[in-house]
């Protein structure tokens, strides 16, 4: 019988066909789950290939994404010490592309640009024109902000980037309303430190919108929580409410603390 | 059945003994150096960066050394037996070829488990030492400062604890082991029909790399429209059917980067690996049974 | 009920039209390593497999152990088809130029092979003691095999083949590379094994030795079996007679010669001994000599 001579080949074909079908379905399932868990933030394309060079590309293709990202990040640190700001920016972009889920890449990357690069450019002695210096400063602050924004978008479950964005809006851009909004985002993330809850209030006060600030503090005050737990900082909330109620001349009957 | 397991164990143990007597574990020294250097070289980076570097480089080194052993070691298993004709003496005993092959593979798995275990112990030692040193430094710096500084030090100590004793590292190590098992399995399968160890190493490495692109091929095969021509479609389909998806082990990087990776996901990947290895071994046995020695 | 076609369990080895062809790469030819071989080995006999280099002895033994698959034909060991694991339970094998695991010592080697044969515990310990003594390897039991001499390797190989107390032994050139004393010891060992009731099939080039121990021999050439039979049958020259006398004076010898001629005997030489196995061997495979004559191509088994 002829089939008998080829029985190994037939078995092979059967096993592979059955397994192949199961395999493809299984892998699709794993990939769907990974997407839900927000892994796979990057795709290998020509741009990435050009920027990484052959060695790192091989590392990436051998399954060492984390190590490759670390090496890129070490280049960020080097370029930062050498004040090569455009290189810092492109390396930050690269490392965050490789590992968008590692928060410090966004957090520190944005900080390098918005704080270090901007200050360095403003104090640039080679540029006599002050206007130009300020323009450059502004440019780098905005680049940092963009990194924070992209980071926050990629990591909605992280409060750190929102907090940094709040700080940037507050200290660098003096856009206190935007800062208040960013801090509100940060405080809303589960697991964020509770003191962040008060920050939108501080920012709105800084923005001159005392009424809105009071609303923030009042909302905190009426949360069903134990006001004696020191972490919640209700002594500070109470102090701010009293001060704002006095400042805004809120009618006694409408005050929290009449 | 029981006898069969007995013989498999004898062959596996012999394979492990051979590797250990050839001082394969010397690789541990190199690993120790890498772990210690990556643990203490980057002292002026932030806490999160330091721990990431340590974990990435240590688990990466485990992976590289494991891959070396899995690739080079497995590729030589059969050629050595055949060249030295020791295989004749084994198969002349009441031993099935399948038992021989499974025994060899189990020996390699045991070797990989031993090396991974020892490297993990070194790794844990380094990371716990680092934890101790960093906590001591925090405590020293916070001594005699105000309440706010002390609260910050406490926050840092909490973070150091969390980073150093991350239980998810167990998942990372298991997944690394699974990856090595797949590579060893591939090498063994290829060596059942290869004519030289070099060929096996080269081909296995190629399959390993292609495995990292399998998801791309699969996506193009499943969703690619008319722009993918028929021949390419067949090629992509065959590739998706045969080559394992090595990207599923990239979860290791996600774990170190701090993503929450549920155990259910890890177990799913591990079961995929298990079934894949069963298929791999069945195919290897089918081919090896036909082989002339 | 046994038909003439069913294998007989009382035969140690039964081979029917066993053939092995190898495709020669880069040539559109096949090499017939073993050609339509029919052979039987009876239980309890010592069987010598003879033949020049490349005549297919090792190939035959490998097929009997299912290390390679026959292209044609079948073979049985004690009635079991050779490709079953049962057939191999009753067989011990010493390959030609054996190499074992260099990193194991003598004891560990035997322990490993004993384990493969399903032995363990005290039974295995005792067997190892016994075999180490039997093959005379007391000085090598805790030395790694990488430090073994050729003769020691051959001995550990023999011990390994005997570990599970097989009924039948296949020894491929058991004395190759062993010095005359060692080779004599191995020969004595084979005799002892036969006395223990075991069947031994061995291949060798040392014809003197084969002559000393083998009950029956087969001579192969270019994959074919040329002759097979008991040594007595093969070596006795049927149409000749040999007298052996002591203290016979030359004159008396002359008288006897004349008497034989008177009675019709011819071509008498009183001192001629029995045909040696070597003579038989050379006669059987005379192509070697033919090849030495100019213009005559050496025959091969390529087709």
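The chains carry the letters A, B and C, assigned in the order they are written, with residues numbered from 1 in each.
By definition in this document, a residue touches a chain if its C-beta (ideal position, glycine included) is under 8 Å from a C-beta of that chain, and two chains touch if they have at least 3 such contacts.
Here the structure is a predicted model, which is why all the values come from computation and not from measurement.
Peer 1: Which chain has its C-alpha centre farthest away from the C-alpha centre of chain A?
Peer 2: C
Peer 1: Which chain is most central here if centres come from C-alpha coordinates alone?
Peer 2: So the chain sitting closest to the middle is B.
Peer 1: Report the inter-centroid distance (CA atoms only) between chain B and chain C in whole Å.
Peer 2: About 49 Å, centre to centre.
Peer 1: Between chain A and chain C, what's the gap in Å when you average each chain's C-alpha atoms?
Peer 2: The separation of the two C-alpha centroids amounts to 80 Å.
Peer 1: Just give me the whole-number Å value for how far the CA centre of chain A lies from that of chain B.
Peer 2: 31
Peer 1: Spell out the residues on chain A that touch chain B in their complex, using ranges where they run on.
Peer 2: It is residues 8, 11-12, 15-17, 19-24, 26-31, 33-34, 37-40, 44, 61-67, 69-70, 73, 77, 99, 101-104, 108 of chain A that touch chain B.
Peer 1: Which residues of chain B touch chain A in their complex?
Peer 2: Interface residues on the chain B side: 45-46, 48-49, 52-53, 55-57, 59-60, 63-64, 67, 179, 208-209, 212-216, 218, 222, 240-242, 244-254, 256-262, 265, 268-269, 272, 275-276, 279, 282-283, 286-287, 289-290.
Peer 1: Using the touch definition from the top, list the residues of chain C that touch chain B in their complex.
Peer 2: On the chain C side, the touching residues are 62, 65-69, 85-86, 88-89, 91-93, 95, 97-101, 103-104, 112-113, 115-118, 120, 157, 160-161, 164, 170.
Peer 1: Which residues, counting only chain B, touch chain C once they are in their complex?
Peer 2: Against chain C, the touching part of chain B is residues 3, 6-7, 9-11, 14, 17-18, 21-22, 84-86, 88-96, 292-293.
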